[in-house]
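Heads up, the next two complexes both have subunit A, just with different partners, subunit B and then subunit C.
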Partner chain A sequence: MIAKPSGKFLLLAPLLLFLGLAYAVPFLGVVRWSFTLPEPGIGQYKAVFSDPLVRSVFLRTLRICLIVTVASLLAAYAIAYVWVRGTRTQRMLAEFCILVPFWISVLTRAFGWLALLSNRGLINTWLQAAGIIGSPLALARNELGVIIGMTHFLIPFAVFPIASAMRSIDERVLLAARGMGASRSRIFWTVFVPLTYGGLIGAALIVFVFALGFFVTPAILGGGRSVMVAELVYLRIFQSPDWGLGAAISVILVLFIAALLALMRRFIKPAHLIG
Partner chain B sequence: MRSSRPGPVILILATAVALFLLMPLVAVVPVSFTPARFLSMPTGTLSLRHYQALIENPAWAESILLSLRIGILSSFIATLLATLFGLGIWMYQPRFSALLIGFVLLPLIVPPVVSAMTLYFLMTALSAFNNWIGYDTWIGVALAHAVMITPFAVVLILVSLYQVDRRIDLAARGLGANLATRAFRVIVPNIRFGIATAALLSFVLSWEEIGVTLFITSINAITLPRLMWMGLRDNIDPAIAAISVLLIIVTALILGVRMIVERRRPNDAQ
Partner chain C sequence: MPQHNRKVEIGQMDEARAAEITAEGIGKTFGAFRALKDLSLDIRRGEFLTLLGPSGSGKTTFLMILAGFVDPSEGRLMMNGKDITNIPAEDRSYGMVFQGYALFPHLTVEQNIAFPLKVRRRTPSDIKRRVGAMIERVGLGGHEKKLPAKLSGGQQQRVALARALVFGPSVLLLDEPFSALDKNLRAMMQEEVKRLHQETGTTFVFVTHDQSEALALSSRVAIFNHGELLQIGKPQDVYERPASRFVAEFLGEINLLPLEHVSRNGSGATGRFEDRAIIFDQTAEKIGHEAVAAIRPEHMHLTETPPAGCNAITCCVEGTTYLGALTKYHLKTKTGTQIAVSMPTAAMSSFHPQKDVWVSWPTREGFLLPAGK
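Let's look at the complex of A and B:
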């Protein structure tokens, strides 16, 4: 006797099965690689923690991610404020400036930054033509380029949770503050900003987590000189085939992010992840 | 309405951010008209040679067609699965909804490089069994893209489902409609704009996907981003600027259409 599958099962199962088979199970395969390649044991994990090169890449990654997170949050706060509280025209302009870069390929955006920052790029060409500098400034193919490119990539992701927190502020609270004689800047700093802390923390988490695992922008704008952890995984796999170490770093990254998100899960709402 | 509009300080800051966001997109335009063979600003003369190269070199057209095919198949899979899943969550509100949603969002949260390794593992395993679906095949790439873009489709569809009035479904149930009728003739028509948006945006995401594609393709399935990556890594080819300008125009058009449609249907989705 076979029970008739319930509607709940019929609707939920296809996606869960698809992701289970095409994502969760293969991920376990990667975990197994980390313990079996090139030889069984926890050698790769020991290597991750003892290798000074890997350690310096981890430290650089943390440093870049923190700088990028702070920069993205500040930038996102300003434009989100106009997107939420501006006049109709200001809101539309802000929305355009947030969404168009968001939906444009990461490659195109990284290339755009190369066109601006590289030695023969827009900025250096103009500065040299104006006689301000003699030789080109090193703006790309280094850590500065990576920070600029990643901040640009991540601002929209920071805008969504911040804007959502700003939208849910009760207008009457601000009116009450004004009614009691608070100045504009006092209302902003002591009433408005504290009411958006939740959104700020959510944004910081999303940006930090995305920045940690990102490798396309650093690979192009860092020019191999400012390697971050995700790019290290890529290099270990494609240049010095070392699947075990790549897998071990991947597992460590996932565990770190899982712990971070578990600690902070009340600040994340799925709808904040996209525009 | 709003008690306080943005003051001058925040407007100046926001303008600076807006310029920062648009700057790299604008910068590719002059580079695409450079007469030189390397990445440079045109000085004096402009040239269309890099646009011509896009037409004359068949690799570009081939990769565009391949990316279109992959995008259509993967966004179809993602939208279909995400719609069914969203309906299941919305209609039954299962006990572990948050956990289930968290699980299907994993490919979005897990670092792209880890997803890429995971999907490489999957593709090489599939290649052991057949020649059609697996490493460096277009269906393999489409499947991998479907994994990566489904979370976006799920979020978009859930957002539009949460705006549907539950009483519509209750009424249908009260009138004796069965599951299929409720799901596909009552609820789906109410979120059709959300579904269309999910399909469109997941297509765009597949069309642009590079992180995973790098790991699971080598010489046969060269998608457009993969071809661009090859031109970006070694010697920067200004043809990338020309294709970038075209891509920016297409994306801006798609978003423009979406914004217009949204404005005309203010009550449905987002």
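Let's look at the complex of A and C:
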């Protein structure tokens, strides 16, 4: 039996109820704190934009997110290409690489990278043993470590929209270009890549938005030296009793992400994101 | 601008640049499936050759082999006397119009047509001039800046043609270019392709499974079935003198009468259908004792009394179909052979047969086909 429209809303009700209780209500509370703590007014918002520490955290966050987005897109493009256009074995291998990360938690992966990248991690130990470097390279507990860890986490999310765009390219269009005498690299750059712009934009927005709210990875791989916005909120609320400022930062972050998502909706259909 | 100048501008081929291609024993297997079997044919310089056949007969496969997108499993291809079997598509660079057009969706009309010229590193001014002339030629003026998705089917078709012809290819390959168009547009585009063929002088290889399209457009028609080339010849020849029953039936409606006691008689032949002698002015060299008389419906006439000087048989009318200008009569002979005859509706207004009628045809029109399937 097919449910009536009202019946279908009923099917969604548990999710709506959960979203309302777990997100909307607490968020309204956070909004209230941002205007009332420690005293009523918009003082906390002024502070966000004038406090040099907060400003530098925002700038760092934007910088890291941009770098992570570009790096994830490049890697995801290569993986998606193999996944969509490779031989059977290559496709299976690509699929495996895309899906495995989903089975391992963020925390595990961050510690995994720490084991590889830290001063006494595998990479530095090997390079030193091989005599290639004298003192350990600073790969973790800094911005580089954060970028590596976040990129690794976000690549699969970028693969889906890109692969979906690649899949919808008509093979005959590529054949037509070949038939007109175009070289493989010309076909790739002037036909194939432009036909995946939609997927690239979608992937970029997803990765960027996800990256903005990252907490665990920067906290572990940044070692407190490259604090990002989410960690700053945490520090303000749990370590210094500065709830108002923490709340104001959260509200600004949420509004910024909402704006980006609105932008994303204008560029791509939601179905493209899942692939 | 005078006509002859414009021709030069869109890359008109001098005869010598239009290619001639020879396929020698081409075969193609996909796994265990033989899609093409020992196919040999000549594509003459500057001709309009149509590959005609039912779905799955291997037309597209052969065209893809000609274009260089698919490698043949056997045989070789010669162009102007040189072996081109192993030359990849990008180096053959024939013009090609794909089924579904395959336009670049992200490029405007202008940019689509300019693509093959950019590949050839022509100067910007040269590209601009040729693209402009080509757009003019195919009647796309005013649509230069549009994306393909904003065009109608016929306009997209024109872009595909323009893009395939703009660089003056020595061969133009077209795979069922009109199958998505409605009847009127189809007729218009057929005229246009015919005109482009005459104006460019390029060798055209055209795939279709529409027999009337094939007959209307081609210098020659090659009929395919199950990966084999059954017959190749001028439209008149294949239509009027098909070599096999399949070709006869595929090219249009035809009435088939099983004959007995067939014997050659000078350049013609005689045979017996039911109790009537059937005469043929001409016949093929080899014909058995039993054969099938094949007569196109447009050569047959219906009368209430037996006409003189013709082949004639008696039938009863089983029904009629009104087709506007024509009325189609469904007839049956005494022994149950079905016959269809189309007569001008106007001429038959006083024809209301109550019982048997006579079906007749001139002795020069029928022909004999081997008996059996």
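Keep in mind that, in the parts below, the second predicted complex is superposed on the first by the 255 of 275 C-alpha atoms of A that agree within 3 Å, B and C clash if a C-alpha of one lies under 4 Å from a C-alpha of the other, contacts with A are read in each partner's own complex, and residues count from 1 in each chain.
Note that contacts are C-beta pairs under 8 Å (C-beta built on N, C-alpha and C of every residue); 3 or more make two chains touch, one makes a residue touch a chain.
Please read these numbers as outputs of a predicted model, since none were measured by experiment.
In the superposition on chain A, A:R88 makes contact with neither subunit B nor subunit C. Of the two partners, subunit B and subunit C, it is B that touches more residues of subunit A. Legend: residue contacts after superposition of the two complexes on their common chain; A:V106 is shown touching subunit B, with no touch to subunit C. Judged by the touch definition given at the top, the superposed model places A:R266 against neither subunit B nor subunit C. Contacts of A:I98 after superposition: subunit B is touched, whereas subunit C is not reached.
Once the two complexes are overlaid on the shared chain, A:K8 sits against subunit B while remaining clear of subunit C. In the superposition on chain A, A:A182 contacts subunit C only, with no contact to subunit B. Of the residues of subunit A, those at positions 175, 178 touch subunit B in one of the two structures and subunit C in the other.
Subunit C meets subunit A in the complex at residues 67-69, 89-91, 93-96, 98-100, 102-106, 115-116, 119-120, 163, 167.
Subunit B contributes residues 1-7, 10-11, 13-14, 16-18, 20-28, 30-31, 38-41, 43, 77, 81-82, 84-85, 87-89, 91-92, 94, 100-101, 103-119, 121-122, 125, 143-144, 146-147, 150-152, 154-156, 158-159, 179, 183, 201, 204, 207-208, 210-211, 214-215, 225, 228-229, 232-233, 236, 240-241, 244, 247-248, 251-252, 254-255, 259 to its touches with subunit A in the complex.
By the touch criterion given at the top, residues 170, 172-173, 175-183, 186, 191, 194-195, 197 of subunit A touch subunit C in their complex. Contact residues on subunit A toward subunit B in their complex (touch as defined above): 7-8, 10-12, 14-16, 18-19, 22-27, 29-30, 33, 75-76, 78-79, 81-82, 85-87, 90, 93-95, 97-101, 103-116, 118, 120-122, 125, 152, 155-156, 171, 174-175, 178, 184, 187, 209, 212-216, 219-220, 230-231, 233-234, 237, 246-247, 250, 253-254, 257, 261, 270-271, 273-274.
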